[in-house]
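The structure under discussion appears below in the form of structure tokens.
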Amino acid sequence: MGRYVIRRILQALLTLGIVLFLLHYLMALSVQIRGNPALLFFGGDRTPDPAMLEQVERLYNLDNSCYERVGDPCITPFVERLQDYVQGDLGTTLNGNRDVAQLLSIYIPNTLRLFVFSVITLVAVSMVLGTWAARHRGRFIDHTVRGTTILADSIPVFLILLSYVYIVAVPLTRWARGIWGTESFMGQVFRPNYNPDYPWTTIIIPGIIVGTVGLATMTRLIRASQLENLGSDFVRTARAKGLKPMRITIVHVIRNSMIPIVTGIGFLFAFMLSGAVLTEGVMGIPGMGRMIFQAVQRQEGNLVIVGLTVSAFVVVFVSLIVDLLYAALDPRIRYE
Amino acid sequence: MRRMRMTVAAIAAAGLAAATAACAGDEGDVDGEGDGGGVINMQIGEVRSLIPGGSGESEGYRIIKNVYDGLVYYDIETGEPENLVAEEITSPDNQTWTIKIKDGLTFHNGEPVNADAFIRSWDRTAYAPNALPLNYFFGTFEGYAEMNPDPLPEDQWADPEVPEYPEVATTHLSGVTAVDDLTIEVKLTAPFIGFPTMLGYEAFYPVAEECLADLEACEATPIGNGPFMFEEPYDPQAGGTAVVWEDYAGDKPKIDAVEWHVYLEGDDCWADFLTGDIDICSPSAADYQSAMSDTELAERVIQQPDPSILMLAFPLYDEKFQDVNVRRAISMAIDREGVLNVVGPERFTPLDEWVPESILGGGTNSCGEYCTYDPEAAQELLAQAGGWPEGEPLKIWVNDAADNLDIFRAIGDSISESLGITYELVPMEWTEFLTARENHQLDGPFRSGWGPDYNLNENYLEPIYGGGASVNDQGWENEAYNAKIAEAGAAATLDEAVALYAEAEAILAEDMPSVPVFGENFNFFYTERLDNVEVHPIYAGPRGDCELRTVTITE
Amino acid sequence: MSELTAPVPTTERQASLWSDAFRTMRRRPDVIIATLVLLLVFAMAAFPRLFTDKDPTQCLGREARLRPDTWFTGDHPLGTDAFGCDFAATLVHGTRPTIALALSVIVASVVIGLVLGIYAGYYGGWLDSVISRALDVFVVIPMLMGAILILSLFRGRVSTESLVETIAAPAIALTLFGWMEFCRYTRAATLETKNLDYVIAAKCLGASDRRIMFKHILPNAIVPVTAVVPTTIGGIIVTESALAVLGIGVQPPATSWGVLLSDGTEWAGGGYVYLFAWPLGLLILTVFAFATFGDALRDALDPKLR
Amino acid sequence: MSETVRVIGDTLPGADFNAPLLEVDDLRVEFRVRGQRIPAVRGASFTLEQGRTLAVVGESGSGKSVTSQAIMGILDTPPATITGGAVRLHGVDLLEQSEETRREVRGNHIAIVFQDALSALNPLWSVGFQIGELFRVHRGTSRKDAKLKAVELLDQVGIPDAKNRVGDYPHQFSGGMRQRVMIAMALALDPEVLIADEPTTALDVTVQAQIMRLLKRIQAERNMGLILITHDLGVVADVADEVAVMYAGEVVERAGIRDAFKRPAHPYTKALLRAIPRVDTVGQELEVIRGLPPNPAKLPGGCPFHPRCFAAEDKCATEVPPWIEPAEFHGSRCHFAEEVYTDER
């Protein structure tokens, strides 16, 4: 077990290392092909003085000549970058000269909060629907659940969000405030935009909406595993033992069904990150997804690399946890 | 099970937040019962810096102009500079200016606002190694060149592709001297009558000594001399609250505080405006239409021209655009009203001049008939000029920000419809567009937008079309024009200068190196709790702002 | 996902697997409806002229956003769009880039995935290590994020002259981050199949590696891959629309459903719901049809879980 | 021998101790698949007395497992439905009891051992937990005591070092040991009837014999009624007292074990017996029954065995054979039962 974990961690580190380098190379290529992002520093409609531009380039380590040669992997800046990262210096942004580490400390918790609600939603809804469909296998309810979840998955999540923000949120908020008052939980929860004064309340709705990403996949997984377990020999044994249906479900079905759920979450996590880009954009949540999108838009190389590496780290970490959870859930699996 | 606990925690946390907010409300009179006061909720974009000279964008300026007081303040009606911190600003020759500062003014921390306060701010911005965005404002000052040296000769560079610069020896602008504690003397490199109009801008605000001692702290909690001050640090991601400074010497604002809520790129304050969480907001084109059809809401709109303008400029270095009639034909082929209908009526107004009316010296209608939609005349002009090359699309170059694509697509559609030529829209990313435009690499008309730095028609003429064919983006050069600009700069009075600049605009109109398309409009809606809402035409920010010095909260 | 495993392979079983699947699918009403929807959409993509006689590039600013008050008749049966072009024409002509993009991405991804997966699974060793590592690396960056990264970083002059130029950039970006799933399935199926008796027999008879890979192993690998193809196509269409809304997908004035949606969302709030509802309805209908079809196909190919 | 004298009336109201222990009377089960009704059991009847062993023999698909599950009341409904007949325990028809009573009967009165212990045991729980669960649910025993009982039971079924293995998971046992665990679990509540559904099919021959001996021993010790379901007549010979042969969902022959082996009264039984390899037939060719077991959805008319029968005549294809008893306690569903019994056919 211990050896397995160490091997997995080493593998994960290698993956992250490659990701880091590829990102660096992409950024370098983009600077080489598209021109210098230092121009961004000046913003607006005007042309900066070349001398000033040079200053800025030097400030952000963009003055290395490798950025002039298309295709050059820019190894020296990469090594310098790694050294900085190792020393805990994540650098600053071009636009506004902000400390990246500090930005992350604001953005990461927001995205995590979003994920908390979406994972809860996803698991709860798909559990209920999947179990329900499995119980009524082949009947109307089964088909309805399947159709509905597929339909829900067919509607792009950002369109659900936009519809919410533009159509539902305002009247709902006004209505709730009319009853419970502005400062109440209900008066805040439906707000069309995230508000930092209510970091938990105003993130619930977007979290729930992101939670519909992959609902069909998850429901299908749960339905399938429930069917497999319900029809399994050991459930028959349990019935032969004279156990009540409730106990059979709790003791003998749910734990066995957890395994695909864990896989599903590991698998869908990456999709949720994608969902976060759009959700955070639409709902104005200052989180990782939006940060990465804006950084990419602005050619903020350093921010892109740090942001995507963090996201890659999360994905790798989650898949590691999923594998370890397997072992915890299923005594048959022992990693050697 | 753990997840359950987390939900409970979440709800508990939310409840707590609501509770504390409610308490704060009781003390700070958030609900603002009666007698003025209260907190106004403003939207704001991402602020780059809160120290004068470091922002250079509308959002930072919207905070800075309330936290700091400059030497002059632009009159909301006429736009002319009126002395604020300055006692008087004089010059015998428009080249050496003497600025007298009012006595007894202080910063929020008690430091005096004197000549040094301004000089240390200007020195900081003009010093090249500080790399501040508003550095270029001091380009006309004597001593600027020493602080912003040219690169070393190429053979002295370590890497032949990386230019190197000499060390900057001086940290002080030699053209600026403190005659006494409250008097500054500024020497310019050339006469410039409009100098006082520049002084209301952020680049010329004072900075406290304590601020320079710890820039990081000052960035978060600016030490200003204006009517509002921060007690808590401002967070560029989340916003912050500025309260009225009790010891402010001028007219105190009628409200208690302002809370800025941050809406980053792509966010929209409109929904929050409708729920009453934001007090002033500018809607998108679609929301504008539905807002105006709400009679109650339509009463709470402020509509006035914004001095920003949009033009379609020509690459005069390209042979296809040599004939002025081609340029006129394209201008007359643009159905400005039709384009407006596409991008949203009343967001813009059709423009037939190069300096908009709200600017000192603007409103000359210098383009006249050539900026009026007339497809037949356009076709005739094009025929006179020898027609358009067969089968070649007209390429229109734009940077792909905001709704540029929509606007120029509609312009392209209109040109194509009127002249019967096909067009191709070439969107480019901003930095790339900027470089291509400067390096004269475009082979078709391109987007050119301008927002003023200060309130003078000169700002719309000299920076865009001056400097000669090799310098400006259009590659346009006209000696009469350059002479007129120089003459105006040396004029004896401001009025005289303004008139001379207007003459220069007329010369420009003859040659038409660019086509005026639209002047922008503000369409700001405000909530019913506000009264006396005024919007300053200069630097109001694109998404909603008002004069915090005069606004009142009724309720 | 893991619920898919390659069935025991012999040529006849393969044949009967597919014909069984076909027979099961043919009987399901939802599949029939989904197929009809998809045929309609494909027809719109292939022969737009059948559905509208208007030129979608002829736009009059003054006629922008005429509501479709006269339903399905008159000059503009569905009204005009935000630029004053005939909306029905725009909608129909926007189908082709959307469908072409989705199909080219899926074809490219499947081919890349199959080839890499078979080689990795068949030869193992360092080739497998390299491909598996590449898989790991690409998997950690979600498709949409990867596409955003590539499209934004290398955004430049995009010509919208021809269909190929219009969809090339998003197609490449989406393919780059879309092949992994197929590669993983293929690799697993290959590993499972390559030690089966008949493959070993073929080897003993002196069949070349390539012949074994593509004649004997491929038919097995293709089963799990096929089962996810329709659903993935739906996913690509959705991703394309997301990219368009973010402003980095298909570039206007070229149209796709995504571009129409991104325009539509802007105006839906102002009372021009039809600008949003039509492309949205079309998109959901198509994606739903693909998903339903895919769901049924998955069931048909893996009857255990029906 | 059971020390705990159970008050059957508590869990099974109306029990009559003069009635046979278990009586299956004309049991009928159908499967309903896609609107089609497929008969799986078409009238199974047999009786089991205390301390006796009944072997139910038949090919796969003959309905023997369905019968056992119907007795237990654990058929999957749908698709299976019991359409007729009775299952009487001490004279009480279980089919008419409430679900609650039936749950009490399961484990307490009737227990079952399944064929494949690997899939019949939940892979995620330790064997101790799964055995102890019975005590905890039916007797309200504490977790700790339940574990002690489990150790005791494992010990009884011959699992070495039971104390340490009680926390192990099913996959950690060998096939034979796993089957012992299964048996231990079935014995936990000291049932009166034990159904062993192909208990040795999945095992090696040597292990098979061990398990059979174990079952026999336990049955004798506890004086249980044992129903041994198998497709292998050879296994049955030493263990069973009576045999019921099933074909196509019905009992075609019922007899004492010796009688059945010596003088089978149904051609099917006869054919089955000929298919058993025996020491005295070494060197001879083994006979196999020609043809395939019938598709229950499309049973041949008349006697369902006739297409494969060596003794079939025309009337076999048209007339359903009656139940004929050529000797006492020996019945057969064949037109020619007498002839077959007397070996004239």
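Letters A, B, C and D mark the chains as written, and numbering starts fresh at 1 in each.
Just so it is clear, a contact is a pair of C-beta atoms (placed from the backbone, for glycine too) under 8 Å apart; a residue touches a chain by one contact, two chains touch by 3 or more.
Please read all numbers here as calculations on a predicted model, not as lab measurements.
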Chain at maximum distance from subunit C, centres defined as averaged CA atoms: D
Most central chain, judged by mean C-alpha position against the global CA mean: A
Between subunit A and subunit D, centroid-to-centroid distance (C-alpha), Å: 55
Cα-centroid distance, subunit A relative to subunit C, in whole angstrom: 23
Subunit A-subunit B separation of Cα centroids, rounded to whole Å: 37
Inter-chain centre distance, subunit B versus subunit C - centres from mean C-alpha coordinates, in Å: 45
Junction residues of subunit C - those touching two or more other chains: 155-156, 268-269
Multi-chain contact residues (two or more partners), subunit B: 429, 432
Per-residue overlap in subunit A, given as positions that touch at least 2 other chains: 34, 166, 281, 297, 299
Listing of all chain pairs that touch each other, if any do: A-B, A-C, A-D, B-C
Subunit A-touching residues of subunit B, taken from the complex the two chains share: 3, 6-7, 10-11, 13-15, 17-18, 21-22, 25, 46-49, 56-57, 128-129, 131, 133, 135-136, 148-151, 159, 161-163, 165, 235-239, 261-267, 269, 271-272, 274-277, 429-432, 434-435, 438, 449-451, 463
Contacting residues of subunit A [partner subunit C, same complex]: 11, 14-16, 18-19, 22, 26-27, 29-30, 33-34, 138, 143, 146-147, 150-151, 153-156, 158-159, 162, 166-167, 216-217, 220-221, 224, 227-228, 260, 263-264, 267, 270-271, 273-274, 277-278, 281, 292-293, 296-297, 299, 304, 308, 311-312, 315-316
In the complex with subunit C, residue positions of subunit B that touch it: 284-290, 293, 335, 337-342, 400, 405-406, 409-410, 412-414, 417, 424-429, 432
Subunit A - residues contacting subunit B, complex: 34-37, 39-52, 54-56, 59, 63-65, 68, 95-96, 98, 103, 106, 113, 116-117, 119-120, 123, 165-166, 169-170, 173-174, 177, 182-185, 188-189, 191-193, 195-201, 204, 281, 284, 286, 290, 294, 297, 299
Touching residues on subunit C, where the partner in the complex is subunit B: 58-62, 64-65, 82-84, 155-161, 247, 251-253, 263, 266-272
